[in-house]
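Presented sequentially are two complexes of subunit A, the first with subunit B as partner and the second with subunit C.
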Partner chain A sequence: MIKISNNTKEKLKWQLLDLMYIAISIVLALVVGGIFMAILGCDPIEGYWIIFSKAFSSFGQVLRRSTVYILTGLAVAIPIKTGAFNMGGEGQVAAGALAAAVIGSAIALPMGIHPVVCMLGALVVGGVLAFISAFMKVKFGSSEVVTGIMVNYIVMYVIQYLSMYTFRGSANSAQTAEVFETAKIARAYPGSQWSYGLFISIGLCLFFAFMINRTRLGLEMKSAGLNPLASRYQGVNTKTMSVLAMVIGGAMAGLGGAVEVLGGRYLYLDTYFASFGYDGIAVSYMAANNPIGVIITAFIISVLKVGAVALDRQTNVSIHYITALQGLIITLLVSPYLVRAVLERLRRRKREAELVANEM
Partner chain B sequence: MELSTLVSSMLRLGVPLLLASLGVLVSAKSGIVNMGMEGNMLWSAFVAAYVTDLTGSPLVGLLAAVIGGMLYSLLMGFFIIKGRGNHVVCGLGLNFVIIGATTVLLSVIWNSSGYSTPIKRLPQLDLPWLGQQSMNLIVAVIAVFAVWFLLSKMNVGLRIRSVGEHPAAADSVGVDVVKYQFLALAIAGILGGLGGAELSIGQMGYFIKQMTASKGFLAYSAVIFAGYNPFIVVATTMFLGLLDAFQMRAQTMFNIPGQFLLVLPYLVTLLALIGVGDTKRPKAAGKTYVRGNF
Partner chain C sequence: MSEAMISIRDVTIRFGNLVANDRVSLDVEKGEIMALLGENGAGKSTLMKILYGLYTRESGEIVINGKNMPRKFAPLDAIKLGVSMVPQHFMLIDSFTVAENIVLGEEHTINKVIYNQQKAIDKVGWCCTEFGGIQVCAEQKVADLTLGAKQKVEILKALYRGTKVLILDEPTTVLTPQEVDELFDLLRSLQDKGITIIIITHKLHEVLAIANRVTVMRLGKKVASFETVNTNAKELSRAMVGKDIMSVHVEENGSEYQELEPCFYLKNLNTKPQGDRCNLKNFNLKLYPGKIVGVAGIDGNGQTELVEVLTGVSPLASGEIVTGGECITANALDNMRALGIGVIPEDRIEQGLVLDLSIRDNIIIGYKKDKRFEKRGILDMKCVNQYVDDLIKKYDIRPARRSAVCRFVSGGNQQKVVLARELERTGLQAVVASQPTRGLDVGATQFTHGTLLKLRDEGKAVLLVSSDLDEVMALSDFIAVIRNGEIVAFKKACEFTKDEIGLFMGGSHVGEVIEC
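Let's turn to the complex of A and B:
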């Protein structure tokens, strides 16, 4: 009995630490964002008022974007457990979206089965794209970040071609035809922005939290990332784990694109899916790569993104400031000793000043 | 297509890559995985354009880009070395900072979401056969020899390399690991700054949103293909330049959809990474050295 309660306590402690980490990153995001606004000559308080009131008035929009961000966040959070960095989210989201749009608009299937097939298509496409980087990492030692970026560019151009010519469904712009009624994921209520896709996203977060923390596979993935040598010694195939986690990640990003197509836009529009993949990196890092935490941080990033549209319109702060903000937060979060280095320098300077003062 | 025009445009497209690659090479030799080169180039391209626009002198713009690039690189070093951050993630994070910041500043300064106003370019050379080339072609040639001389013939270079191979050993004989890593990063920032400035004020005469288009990552790959050798880097970057030049010509000549040609440099880089493993990589690359904890 005592042992169990100790274990629970220990686990609770870790979960609290993760929660604290997430809280710190959110505060950090808001503070850094405020500084950016001030630099650009906009009152931060007023700026945040605009952002939050816009996010509140378009709450459905926030939830709809969250649905995708949760999945692109998972796309980074799961591979990172094995030490692999999924940089290809950008291409995986777009490719998954196109796959879902094509299956949804070109093939007639009965209700109920249709969206599932669309999503499976997106899962496969996303997974295959991630597999390229993962395979090259374990087989040839190529950096998965570099290959991921190369794959992103290739996918971007190929998809542009496909949506412009092969699967074009509109005379005016590079987009596919709208998916059939049977393929759509129902919206939460008539006229709402967000769909039941949100529950798929959240459900997957719970599933992967369980998988990583409570199953053998999850343990092997984590150990492969924490100490590859020791894991290999214990009989864990670290390379397989790495590839598997990357493929799962890629599949999640692909699904993210599919859910937005089936439950939101209803078609694939070229460049519409840009930046969802890169935003996923910030979502994952702000959540300490914790699958449950991803739900919270996806929501926060979504609020900022939706709100920034209004900020862009009403002030001179362009929406792109969010990109810079995310970059800085990621960098600050992965440099744990930075604060200590700065404090030490200050302390040393103070001590030197005191010494000088004493000598005089 | 004429050979001279192809070579001429190969040089124009290859020079920024070459300069950036040399930067990546120097920092890599000190054990830093420089994923921030993309941001380094973009930032310098922006600073060069802005300062040139402000002062009217492209040479002042170039100098500003070099200083700007160096400061960026040192900032990344601060996160990586002092903050003990993951090299890759710090570099990527700063890339996003620069992508966001330059786009925001583009709209603040030039009131546009895509292009700056036309900007005076650096002095152009009119070479026989090769046509018009930016003066940075000469700078790049000098830089190749300078980097080779620095790394292979100078004491400083030896120390930079020792820090990248085995920082603990270097530290034990009195080489200041942190100092040499920062030094290598400063040099990388200068070279990346030259490469970035070449894009905006060397050739285009504009600053364009995200104008580097992942050239920083292509530069990083070119260094791996070259096995971390400055002379082979010339060949690999020029090859990528040639691909780009060919791609641009082919778009007007053949009836192939542009997308399949635009994809070429990235596709070839990806395929080349399959053939070439990263075997010559310095042993301590990507690891942050902490005394007594290695």
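Let's turn to the complex of A and C:
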């Protein structure tokens, strides 16, 4: 028998409540999404069946996508602990991917070391891009959301140029050359979609969960985000925390791009990495910015994304339907009062019913 | 027998699981001054907010001036029936003149379309004389007024709208003793004009000084109602707290300060001006081991800045802090902590605690680089938990769970968390306690006072900054009065009278500044 202390019980209760909110939001979104599907002329039950059966049959693809989503989710979840919002994931993923592809295809390095160097390159590139927004925030007070979006535009067009001209490796499309065998991350089994990169992603989630809950740095980051003034009274340098968390976030997004290049696509293809960064926001929000939760929500988003391809092909519901559904889930999640109001109302009705019963 | 102006019957309201008002009934007669007495969280303000239409009651009846109020009504409905509220934190527009503030929302009573400043000023002036004794200059900007004058503007605003019932929420917390007297005179003259007044307060002597009747609330319930002529402070406090309170007994521990060796000397401190905050100007103060130095003053006269300098949050522009042969000019946080100063900030919610973190995290955040609890940045949870559990026991923090999130802990226990963290620092030399009992109930206040006295007896230097003059006078060995970022008087506590301190606080007594 495992003895559960009161402490853990309390904690578990809160976490379960959090989970319930998330679950209710997802279910509500699926219901509303079903109505949309019906309007578009597709039986919702059949539609969802197509999505989930496709996701099941292409499970490897779901895991491959999850690998990237976990990292772009972390890219948002870590900075938000300090109150900073990493909006630049989109550019950081693409830049990290290009950096990994270039290092992987242009420099010869021995097996084992090569992928590590590629990933380090991506970490640095992603981190530097995030640093720009973070620095401008603490130095000039500019909103990191706005600068993040602007940096995204700059990065996307610069790397488009780079992939078209400087590092072009194919005559037909804007893409780099394939990375050397030495730089590749091994796939789980021959012919599988997903690679050992997934374990890197999950490992990092565990690492950051440890960092946030068990180290001085994590504690200071959290407290800087929750109450900057009180944190300064305790000697926490809130600006440093915010910059550091942003840089970590940017590095994670960059790594996300690198892992997909080294373990999936094997080259950088222009526009292939679009929307990974923005989807990371959804992943993080759905997980209530919890590093462990990110693993689960990245998986859910991947299922929907992979399933959407089949939905698009087999019915007249467009692939963009999933993006709308994702938006719906987030809207429900960020309006906690909506779900809470529903719960509160139910509870009150129950109480009134009890009162009436008692009086009778 | 006079008729009832306000009649509240069995009003109940809850917030989540908390029953804030439990079948409370209250009758206020026309033209009387009724005091609503209770500790913080007793439900006084909540009841008045229901009466004013800010909260919607769950059950019960409210009758205002003979009119039965529906369950849901807006403040505007209450205002129309002549009920008005002077909030604890004034809702005035600083950049407007007094007249503009008063007629705001009622401009149509002056001119239909075009606003006429002169007419407004005239009308406000007329209003002042009508209600006798209110002296405000209608043309002055509100930003230039003292807090006492701002309060008068708020009252005038209500009178201008033809109020019949005036609700004042903790009206005396920001006033000097002289201003309190003035306010009470004004209220009495309003009573003569037939206006009904309800005062929300937790101060016993004020109740006895001004009210005709007093209703005591405790934990959301009405516990008793007294005619003030038939009661006394002891009876009221017993009703308020539910048990007898022992007053803090302070023993004088001798010796003149001239003979004492100060352990901290704050010398000519100056802070950089920040916005419209009051900065310290040539601030001088000495702290003595085993003595409590109380700093009295009206809020916003540099107390916050003083505490921030001693915490290390606000950098010094010039000046030095001398202690044990050391002389510090750069008051960075780490330097100040190294001196062994524990700081209890004035606002435990904004400055003292990170409300969404647990008790444990809030305590441990203060022990940066403490080898006992961390190795290379990784927290030793076993040590941390043990330490925190010990403190929870020592300071009797409830709930006695280290994982309890501070937001859901009562105010008194939140303060205990701050005390535990700040007072258990290794090498503690001095304690800076700013408004340490603000918003606390009687029990927690006693605990905090007891803790400060114990520190004094252990030979620590204590700096007590408080706008509660009674608190400063009860605890301090020496009293310094702060005004505009300067110390304007410093004496042994027993040599000061309350009136004298009040005069220094208000700035009308400047002649005999005693060098400290």
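Definition applied: the second predicted complex is superposed on the first by the 321 of 360 C-alpha atoms of A that agree within 3 Å, B and C clash if a C-alpha of one lies under 4 Å from a C-alpha of the other, contacts with A are read in each partner's own complex, and residues count from 1 in each chain.
To be clear about the criterion, contacts are C-beta pairs under 8 Å (C-beta built on N, C-alpha and C of every residue); 3 or more make two chains touch, one makes a residue touch a chain.
Since the model is a prediction, treat every value here as computed from it, not as a measurement.
Looking at the shared chain after the overlay, A:Asn227 reaches subunit C, while subunit B stays out of its contact range. Of the two partner chains placed by the overlay, only subunit B lies in contact with A:Leu40; subunit C stays clear of it. If you count the residues of subunit A touched by subunit B and by subunit C, you find the higher number for B. When the two structures are aligned on the shared chain, A:Gly191 is found in touch with neither subunit B nor subunit C.
Contacts of A:Pro110 after superposition on the shared chain: neither subunit B nor subunit C is touched. Contacts of A:Gly235 after superposition: subunit C is touched, whereas subunit B is not reached. Judged by the touch definition given at the top, the superposed model places A:Arg216 against subunit C, while subunit B stays out of reach. Touching subunit C in their complex are the following residues of subunit A: 6-7, 10-11, 214-217, 219-220, 222-223, 226-227, 229-236.
Remark: subunit B residues 33, 35, 78-80, 82-86, 88-90, 92-101, 103-104, 107-108, 113, 214, 217, 220-221, 224, 257, 259-260, 262-263, 266-267, 269-270, 273-274, 276-279 touch subunit A in the complex.
By the touch rule above, subunit A contacts subunit B in their complex via residues 40, 85, 87, 132, 136, 140-143, 145-147, 149-151, 153-154, 157-158, 160-161, 164-165, 278, 281-282, 285, 316-318, 320-331, 334-338, 341.
On the side of subunit C, the complex with subunit A involves touching residues 311-313, 333-334, 337, 343, 345, 350-357, 361, 364-366, 368, 374, 377-379, 381, 401-404.
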